[in-house]
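Look at the two complexes coming up: subunit A is in both, with subunit B in one and subunit C in the other.
Now for the complex of A and B:
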């Protein structure tokens, strides 16, 4: 029983990382209708920004968070202007966006390998070592911080989308971009804001990931999992991304814990494929087309 | 007449080709290993070492082979720690660059698939730290004629770790924590298990993770439930440090024991205090006086401490150079024959190549992690 509860805690903590990443994916997807595969690389840059803010600049960790979030928001916006805007202006199909995103991702990853180097780096210790114990169940301090920070970010995002004018504009644009433009919504501004928010979430996710594990150029690779979580929950839906991420984290942990690690990805992907066949829009998805 | 002219031309071309070849006074030695990826640190350390030694020889005027003196040249490629990439670069080294021998191939996962290429090209390879038995001996038990190594093997290393855990540390219940898709880790686990159970110990848990994993808590929670008194973790230092931290976070206090994937400048900085009091099997003791000259030369040149791989590839290259000199020619087949009778004093120990192309009876060093130091405990030999 203690083992089962411990595995649940493990699963939820992995799920909460996937969630922060998956929400960034879903947000961009809901507006642009393509999967921004460069999101993973922005997360990786966020981890490095946080790391260097703490080690080189000596910032306290909450300031490092803000610095990384601002930095990646800027990077995401610049990326949109340089890589995606020219495509939008030419009304390119979504396939070109995906290929451009992959290209940008490979470029950024290799740029970091070439300049900073491939050796993993360790964040300076922020929290006291040793877990908080509840009977036999150990809860890591960093995991607890992750739960809290992820929850705050996601709550702030949901409030922003549901209760502000800009949030309403984002919803309208995601519903129909052409009609929104006709109604006088500045959709270019909406896209700008969406990339900035997605980038800031990526930065926070990157710093959290780096603190929990290590900082290395291939961090972006893990976002494949958060993409699966986003599809599973329903691409374009924020609560869906959150739910999908937590479910995926739990499934992975329980499979590794009770069957074997070799079966983990096998079963995770099996669930994804089954989901796509039975309910293509995901748990909470808005439409069933273009899951790419 | 025209036919005769043609023939003359052909002969002339052929002759000029011959004289061109005879003028070559460089010995090309190949190297490959990871210069990017998780294990890049070791690949870079190896390549630095090979270049440093080659430069030393050239500065002294080159290498005398028979009556001729040659310059040495090293051709190195990045295999990214990936088996497919290793096969590609080995093909390039043997067919395009025409090297006389290769050193490096540090991981068993890369060295094993390369073996058929070396046998076909008839060019010898001396692996630095590829410890899996299949590097030199195939599945069916035949010796790979062109594959050699400077290090001891996994059965030996596994037996050393098991013997130390059982006899010296008095441990009876071991858990194995391994990388399932890595030949090195899986091999070492198998041989540890064999030796440990033969000695009378019990394996209480055998759990695994896949390479590239960063969250180990699911398998570690399984280990915790089995309550072992020692955890055998034959993995690479990045995984070792991260998994050790997570194990401590889960409240696992058992001592950990590992192999030659542990020693690295970065191990302790990545692990913090999570590996305090743990042990690993190494190829040498870094404070041994016989490695001091090399260690200092490396540090002076690269402003960094030499990695384990630096020492190992240094001896692998010494084996090749010794074999070239004894063969008295730069013919690859002759070098291979000479390598079979290698009997030299390397800086990592005495290297006498046995019938399976592995060094026989090499000492292993047991190292303990104390604070930020790696402290030598003792040299031991074991019966695999």
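Now for the complex of A and C:
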């Protein structure tokens, strides 16, 4: 029982960081209807920004978070302007967006490998070593930080989406972009804000991930898991992304704990395919109607 | 010399895989990010047949295509009904499932890969080129057949094609199986000419690379795919000296093409002797009319 509770705690901590990454995929999908595969690379850049703000600039860790979030928000917005805006203006199909995103991801990842190099880097120790013990359950300090910081960010995001005018505009745009434009919503602004938010959350997620493990150029590939979470929960749905991420985190830790870590990725992708076959719109996604 | 031959063989292998995807993506309008999975299946099948069962290479290649094709039928039944993005994601999931399965299969080397697969020299070195030529002829005949026209109809407007009596699911299935068989054979060629395979070779980047080649050549053009496959295999090899910057420019080039020339190299046109003659004739006719009107104005 204690072991199960321990796995549960680990799962929630991993799940919370997946959630932070998954909402970035979901937000963009909800507005623009494509899977932004460059998101993983932005997360990786966030990890490096956090690392260098702490080591080169000597910033305290909370300032490193803010620096990384601002940096990645800027990167995401610039990426949107340079790479996706021309496609939007041309009304290109989703495929061109996906391939462009893939190209951007290849570009960013290899740019980091070519300039900084592929060697993993360790974050300076921020939290005291040794877990906090609750009876038999050990809770790593970094895991706790991951959970708390993710929860705060996600709560702030939900409040923003639900209770501000801009949030309402985002919801309207995701419902129907053309109609929203006709109603006087500045959809260009909405897309700008969505990429900025997704980018900022990616930066924070990257720093957390780097603190928990290491900083290396291939972090972006690992974030594919959070994309699964977004699909599992329903692409385009925020609560879906949260739920999907927590479920995926729990399943992963339970599989690693009781079966073998080698089957972790296999099970994750099996879940993805099963969900797509049974219910492509995910747990909480909009019903994927045929727009033919 | 051997180096050049190696690059040429690699181009031929890539071409075989790309031709299948050209039919699937360029002519039927289905996008896959998982065809490296079919290549992996073909590579391991051929390796098992030649290294473990000690059968001839040709049998290995046929088995590679056959196994990949059968698995694609299963995948197609489950996922071909999905729309747009979701089919793409499902194929990506398929590709990513093949990898951990092979990683955990110790009998074929597991995650560290499988060395000492029989390599073939001498006259067998012509095999990739022969397969590539056969693949070109098959693809060309397929897209110019009734079935091929059905595929284009499905790509252009699925609902209308269905109304006109095209069996949409069947057309998609034929395209998928065709592309999977070619990817499987390409994988088999790869295994037996490189002599080493590892699951991580067949990752999502490889799948994306194949799709990018098709788009680079121009959707809906077999000759475009051929030119792009040769170009995009040879060019990166030439720049191997700048190894770390190579992929940086590759990513940049992909973005620029998507934004700047979405129609790709050929833009849906074909490069054949007839089309060249037609283009020359059209240019001549234009010149003649221009001259005639100029003369008319003079009068």
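In this text, the second predicted complex is superposed on the first by the 288 of 292 C-alpha atoms of A that agree within 3 Å, B and C clash if a C-alpha of one lies under 4 Å from a C-alpha of the other, contacts with A are read in each partner's own complex, and residues count from 1 in each chain.
Following the convention adopted for this analysis, contacts are C-beta pairs under 8 Å (C-beta built on N, C-alpha and C of every residue); 3 or more make two chains touch, one makes a residue touch a chain.
Note that the structure is a prediction, hence the values are computed from the model and not measured.
In the superposition on chain A, contact of A:95 is made with subunit C only, not with subunit B. Shared-chain residue A:86: touches subunit C; no touch with subunit B.
More residues of subunit A are in touch with C than with the other of subunit B and subunit C. When the two structures are aligned on the shared chain, A:184 is found in touch with neither subunit B nor subunit C. Using the contact criterion defined above for the overlaid structures, shared-chain residue A:262 touches subunit B and also reaches subunit C.
Within the superposed three-chain model, A:130 lies in touch with subunit B and out of touch with subunit C [touch as defined at top]. Of the two partner chains, both subunit B and subunit C are touched by A:113. Residues common to the contacts of subunit A with subunit B and with subunit C across the two structures: 113, 221, 262, 265. The touching residues of subunit B, counted against subunit A in their complex, run 36-38, 40-41, 180, 207-210, 212-215, 217-219, 221-222, 224-225, 238, 242, 248-251, 266, 269-270, 272-273. The touching residues of subunit C, counted against subunit A in their complex, run 31, 78-79, 82-86, 88-90, 93-94, 96-97, 99-101, 103-104, 157-159, 204-205, 208, 211-212, 215, 244-248, 250-255, 258-259, 262. Only residues 2-3, 6-7, 10-11, 13-14, 113, 117-120, 122, 125, 129-131, 133, 138, 140, 213-214, 218, 221-222, 252-254, 256-257, 260-262, 264-265 of subunit A touch subunit B when the two sit together in their complex. By the touch rule above, subunit A contacts subunit C in their complex via residues 33-35, 83, 86-87, 90, 92, 94-96, 98-100, 102-111, 113-114, 221, 224, 228, 231, 235, 262-263, 265-266, 269-270, 272-273, 276-277, 280, 288, 290, 292.
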